[in-house]
Each structure stands twice: as structure tokens, then as C-alpha cells.
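Here it is: the structure, laid out below.
First chain written, first letter: the chains are A, B, C and D, and each begins at residue 1.
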Amino acid sequence: MINKVVKDADEAVKDIPDNAILMLGGFGLCGIPENCISALLKTGVKGLTCISNNAGVDDFGIGLMLKTRQVKKMISSYVGENAEFERQLLAGELEVDLIPQGTLAERVRAGGAGIPAFFTPAGYGTEVAEGKEVREFDGKKYLMESWLQADFALVKAWKGDSAGNLVFKGTARNFNPMMATAGKITIAEVEELVPLGTLDPNEIHTPGIYVQRIFEGKNYEKRIEQRTVTNR
Amino acid sequence: MINKVVKDADEAVKDIPDNAILMLGGFGLCGIPENCISALLKTGVKGLTCISNNAGVDDFGIGLMLKTRQVKKMISSYVGENAEFERQLLAGELEVDLIPQGTLAERVRAGGAGIPAFFTPAGYGTEVAEGKEVREFDGKKYLMESWLQADFALVKAWKGDSAGNLVFKGTARNFNPMMATAGKITIAEVEELVPLGTLDPNEIHTPGIYVQRIFEGKNYEKRIEQRTVTNR
Amino acid sequence: MLDKIGIAKRIAQEVRGGWYINLGIGIPTLVANYIPDNIDVVLQSENGLLGIGPFPYDEDVDADLINAGKQTVSMMPGSVLFNSAESFAMIRGGHVDLTILGAMEVSENGDIANWKIPGKMVKGMGGAMDLVASAENIIVAMQHCSKSGASKLLKSCSLPITGIKCVKKIVTDMAVLDILPEGGFRLLERAPGVSVEDIKAATEGKLIVEGDIPEMTIN
Amino acid sequence: MLDKIGIAKRIAQEVRGGWYINLGIGIPTLVANYIPDNIDVVLQSENGLLGIGPFPYDEDVDADLINAGKQTVSMMPGSVLFNSAESFAMIRGGHVDLTILGAMEVSENGDIANWKIPGKMVKGMGGAMDLVASAENIIVAMQHCSKSGASKLLKSCSLPITGIKCVKKIVTDMAVLDILPEGGFRLLERAPGVSVEDIKAATEGKLIVEGDIPEMTIN
């Protein structure tokens, strides 16, 4: 098998250049590539376009990169919960492209799967449809949407092996598997790097063919946005 | 959870009417719904359109339904290894629609995923492109292909539970998961029906939402087409 | 007039056994609490979970297990995890039987507006546009009027819309209504203590009142 | 002249470490046997396996584990199983670095014909059209001439084609050639005992011979 292990996040992201297009996995703060984000804060790379379902919160996730003004543009489905984001947006310092969540997921999948365009009903009749081709199939109207690809995809998994095979945990899976397929270079950070051959081939979520670099991350905070519990 | 268990193959397929459009999982003879096919031989339903990557062999798989003249049309990517098939085809008794394998897989996925059409490079410049819309993206030519859906999808899994959640084994997975999503009624036969809650939610290949009926199959033959071994 | 819990309870009565259901954030999420135990349904969360269980006990909280509202949740026997593309394949492919979501405005032809208010920071549509464009059966949970008393059941939406001709039924603090295929809000039930006249006054869009309108029964 | 094993051995020399490779049925499958052990590659089987291992020992044969040629195979440490849509997502998405397949005809502009012979029963294209339309790097393994001696390296294909302008390199029993972007078969190597004149005589399409053409080295 091909060995894709790199030392750490710093080594993994060191060649990400200014103005790169990135994809970052995660839904809210769940399943985000915490180590890669920390490393990008250190490299100070600027002008990034970040394709990510959300934009983090003020002091965590992509929010940290917004504070340091490293992000030029966000491509997301929902960007609430972030005051600095709102400030930059209203001040015209940040571009935002809002995309329906299912369309975002499918455009990323299409990017990885070599499908340049597809039709979806989401957004038909709304401002999302502006400038897009509309076509009717079986009496229903659909919009044509195009694929999304990235220079680098940064994904976070639970377990991974040296061949880049990944297993996610719980709902931390979310956008990570599709994004892993759509990066020219895909960097996977995992909570645990396990020996080759210990992941069951039948239970791998992301085949290693999509992953170019993998490392074991450190000190995961896994911040919870809404801690809701049932009292005993 | 919703309980989808039916007694056996006979009960599962009894309402499949003449001229139904079926999808049948499997690649070659690997992962085919053996019990459902046997039950269809008994019901004697006629005029079937079968969407299946292959058409079985003379005396196994879909080949058995060809012999009994129950199949009107095959939609497949490869239909070799079947003399009766060839005879019916040359005699004009059988219609065949041949589709590139990846396009077939993606059209079935699209059918389940609510995507009426998408673009693929496969077949551009060949006779497969005849009558299809061609479009260029980033300097490369693509064909527009449409979704495929079925009245009934017949899939075979390794394990399943009463909610219709499925786990496949080895390369017997192949077309089964996509077909499970694209049937108006999806019937899953499994080697082992396990108690609800025993499948790890993180390792289920087909979520039960796609499956309407499930039963534990019997007497799997699992015929091997090419037994190739390494001598010790 | 119903409070939020009343709206949730009334919507819960619409639920049938065997359905897969997607619940939006807010009142729709509350609906889960009032579905009778003898009705087997499965709740879908668009971030990748089928079979949402109750909030976890404190010691079972897992940061890697949240719902689409980013709340920590639990799983049930038979739950399934999957990625976001698969999740919206389920939604777009028509596999989800019922979608319940909130709205800022609904029009008499079934258009819904619930994602954007001009002049305010736009947070995004999340999965709402996919849900409303895909679902066969959409119930909206909403207040009949804004805080200033303006009707939110309109001839046509004034806010940017999320989807067109998609809403099938509406449960507000004042009434249950469905939307007729040819357009128009058909009044089905009144909230306790609310008269047909009250509802007429609070509905800007075309209201259709046929025969006696019963009062809702809410436990 | 090379035999089938010779062709497979010569193609194996084209393989580089770190590549994911899809091998077609026939001679291409044999290539796997001649890739040096110190070169780490992963073989993809389009029916849903990354990391094809050797044929299994007799007692390990599993009907549920086959390759695209329907032969029983084994897995390696690090192998992955997946469905057919995912498999062709890998192929169409350009994640497979090299595709090796057989052909009945190749034209001087890189068209390939390998799926259909008019008048004969048509079995189907399987995954070949997806592979040739998607792969950046395609090597064709074939006989230079038909049994009757007719060239299979043509100006343009006479058989229905599988894909256009896609073949990058050809290894035949007589020669190694690549196809130039502007068209034409450029002769790179001769098989042992085969002269440039032999190859010229056996090539109907435009053959480009520049300088000395070395004889292949095959172990």
C-alpha cells in the first residue's frame, strides 16, 4: 500500500499558498479539522476561499481564520453564530456565496466524481435560481448546478491508516467524505492513526485513493455548540 | 423503528405485476437476489424490464427468468456468458439496452437521489452518444444522462435488520446499494436477519429508509463464475 | 390561542405510523415530544442521522453526535449514520415522508419564505431550500401574525422565498389550514378560544371557510 | 515478437510507485504479476475493490470476493470495499492514475475500439467507456495485427469506437508506441527480433520513426 503519513498539521498544510481554494469538513463545530485550522493560523496564508457548510463561531473553527483576516470568501449554506463574520460581511471585507445545503453537498460530491453538472429542484423559483439554467423533467422544474473542486480539502476523521483510508464517527461524518474526494490534495487529520490492515475493508467510509496526506491530530477540543441533555 | 419484515421471498414479490420495471443487484453472479429470482419464477410474472449490470448465465440468476420468457427487456452494461440470451436477442424476442457501467451505476444513484439528469464523459463520440445532448465543461465534452427508477428493486445483502438497514459483504455490494435507493418498492433479501440494534449505526451501508420489505433468504448457492486460486 | 407547545402537539396529530420525518429547528423540533409511543416513526436529521433519539443523559453527551440544530442527541436501536450527500439524496429523492418547518411567511399558493430578511444579516438557507423543493408533504409551524399584528398568511410573500408552491398544511397559534391545489388557505380547525372572525381578520391571503369549523382537540 | 506475458512484463515497466491502477480483462490482468515488489501500487477493480490481492488459496475462496473479470481474488492489508457508483466516481473523477486495457483497434489520433464487432453478438461495453473517457493515462495492450495479418493500428478505427482521443501508449507484440497529441504513432521500442521495417509493414496508421529505435529490455 502507498504510505501517505506526514508528521503533523504543520507539515501537512505548509504548501497551501495564498488565494488557495479550500474545502473544510464539518457541520457547525462537529467534525471540523481543528489541527489543520490551527496550523493555517500559524502559516498566515491569506486570501483563502473556504468551502465549508458553516463558518465556525467567533473563537473556534473557521471563525479563528476570519479573525486573522485570512479568508477572502466563504462558500457555505449557513453562516450564523459569528459576530466577526457579520462585521466583515457588512463592511464588505468578506465575500459570501450561500448555497442550499443539499446542493452544496452534491456539488462537492460531483466535483470528486467527475460530474461537471447535474439538476436539482432546490432553489427553483427563488433568488438562488438567478442566472441558472432551468429545465423541466417529468413535469417538475430543476436548476442546473455545477461541480465544486478545491486545491486542498481538509477533512477530519475518527480513525485512519497509512493508506489514507478513513472512518468517521457519529454525525462528525457530514461533509468530510465528499470533500475528501474533491480536493486536488486532500489532507486528512485523524484522532487515531491505526496500523494498516486493522480497519475492516467493509467498514471504511473514505477509500484511501482520495487522500494524499494523513496525520494523527492532537488535543481535540470538540467544542459543543448546544449542550442539550435529558435529566435523570 | 418501523418493521419491514415479510415472511419470505414469495410474500415479498407476490404483487410484482406483469410488465413491471425491476432493478436487480449483483455483478455477474456475485450479490444477486437469488431468493427473489426463484420466487419470480414461481409467480410466472411476464413482460419484465430488468435493470441489472449483467443477465446471469444460462442456468442461474436472471438467466433462469430468460429461459421462462419472463423478461421483455434488459438494461445492462454487459450480457455475455449466456447462450439463451444470445438466441432470444438474435431472434428479436428480447430487447437490450446497453449502457456503460459507470453511467448505469450513476443513473441508478440519480434515480434514488432525486437528480433527473447529470453529465458524464463516458460514451462521448461513440454510438452511445446518439440522440443525447452534448455539452462542454472546462474544455471537455460530456453527455447528458437521465435517472433510472424502478417499480421494484430487488437487492441482496449480507445482514439486515427489521428496519431495513443493510450491510453487504465483499464485492457482493456492487450495484445493490444504489438500486435499493431507486425502487418505488425495494425488497431486500439478506443472509442473516439480525435483531434491531445489533448493526453498528456507523457501519450500515444502506439506511433502512430506502427499504420497504426485508426477509431472510434461504439456501444461497452463491455460484462462482471463475474459480481462480493460488496453489500452495 | 396556542402556545408553541400547543402548535407542536397539534402537528403531532398529523403524524402517521411508518413515516420518516424531518423536523426543522424551533417548534418543529418540539413535535417529536408529542408523537404517541404507539406510532412508529423515524426522525431524520439532515447532518447525517436517521433515528434521532432523546437528548442524552449528561454523562452520555458526545460532541460527535448532534442534530441539525447543533444540539447534542442520542441514537435509537436501528439508527443509521451517513454523510451529507446521502442525507440530501434521501430528501431530494422523496424518501422522507413528512417535513415540518417554520416560516416567516406563507402565500396562498403555497410559497414559503423563511430564510432571509432584507436589511438584516443573511445567515443562509441551510437545508431549507432542498427540503421544501423535494418534500411531497410539508407542514409549516408558525405564528399567524407578526408581533406587530401583521398577517403572515399572505396573497404573496413579501420576503425572498425559500420555495414555491410547496406548503401543504399550516398550523398556527390560531388555526389549522391546508392550501388548496388551486390556491387559497382552507380553514380546517380553530384554536381554542379563537373565532372564525378572528382568523379572517388575521389572514391577508384568500381564506376559504366552508361549513362549521371545529375547534382543535389538544391534550 | 512478444507473447502475452512479454507484453504484460513490458507494460509493468511503465508502472510507477504510488499509482492507483485499473487493469482490464486479459493481458492487462497479467501485468499485476510483473510489477516489482518494491513499487507500491494499488489495483482497483471496478466492481468495488481497491487493493486487489493474489488469487486466494483454495480454502480461502469466497464467492463474495471477485474482480471485474469475475475471478475469485483476495484482499491486502489496507484494501477497501465500496459500491459501483463510488467505484466509477473514482474512475470518472480522475483518481485512478493508470488504466491498462485491451483493444481490437486503435487509431492514430488515440481512438480505441474494443467493445463491438458488427455482425457478432454484442455483449456490451461494461466499464470500458467510462474508463477510456475518464483516465488521464491509458496504456493499451494488444496484438499489432489480427490473425489474418491486418494491422490493428489504423488511420481511423473501422469498428464502433469505445472512446475518442484517449489512448496515450500502446504495447503490442511488436512494439511500444505512444500517440502524439497532434496524432500519429511514435515508435519507441522494438520487440526482440522485430525490425523497424517489420513494424512499418504492420502499421496502417501514420508511424513516426525518429532516430534509432532501441530493442525492448524484458526480463
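We adopt the following convention: a contact is a pair of C-beta atoms (placed from the backbone, for glycine too) under 8 Å apart; a residue touches a chain by one contact, two chains touch by 3 or more.
Computed from a prediction, not measured in an experiment: that's the story for all the values here.
The minimum number of touch steps linking chain A to chain B comes to 1. The greatest centre-to-centre gap from chain A, using C-alpha centroids, is found for D. The chain pair with more C-beta contacts between its two chains, of A-D and A-C, is A-C.
Centre-to-centre separation of chain B and chain C, using mean CA positions: 36 Å. Chain centres here are Cα means. That of chain C falls 55 Å from that of chain D. Put simply, the C-alpha centre of chain A and that of chain C have 29 angstrom between them. Counting partner chains per residue, chain B shows two or more touched chains at residues 106, 109, 113-115, 120-121, 168-170, 202.
Counting partner chains per residue, chain C shows two or more touched chains at residues 81-82, 88-89, 91-92, 134. Here, these are the chain pairs in contact: A-B, A-C, A-D, B-C, B-D. Chain C meets chain A in the complex at residues 45-49, 54-58, 61-73, 81-85, 87-89, 91-92, 111, 121-130, 133-134, 160-165. Touching chain D in their complex are the following residues of chain A: 1-3, 109, 111-115, 161-163, 165, 181, 196-197, 201-202, 204, 207-210. For chain A in complex with chain C, the residues that touch the partner chain are 27-31, 53, 76-80, 86, 89-90, 96, 98, 100-106, 108-109, 120-128, 158, 168-178, 205, 222-232. Residues of chain A that touch chain B in their complex: 106, 110, 113-121, 135, 137-138, 140, 142, 146, 167-170, 200, 202-203. The residues of chain D lying in touch with chain A in their complex are 17-18, 20, 40-42, 44, 50-51, 75-82, 86, 88-96, 134.
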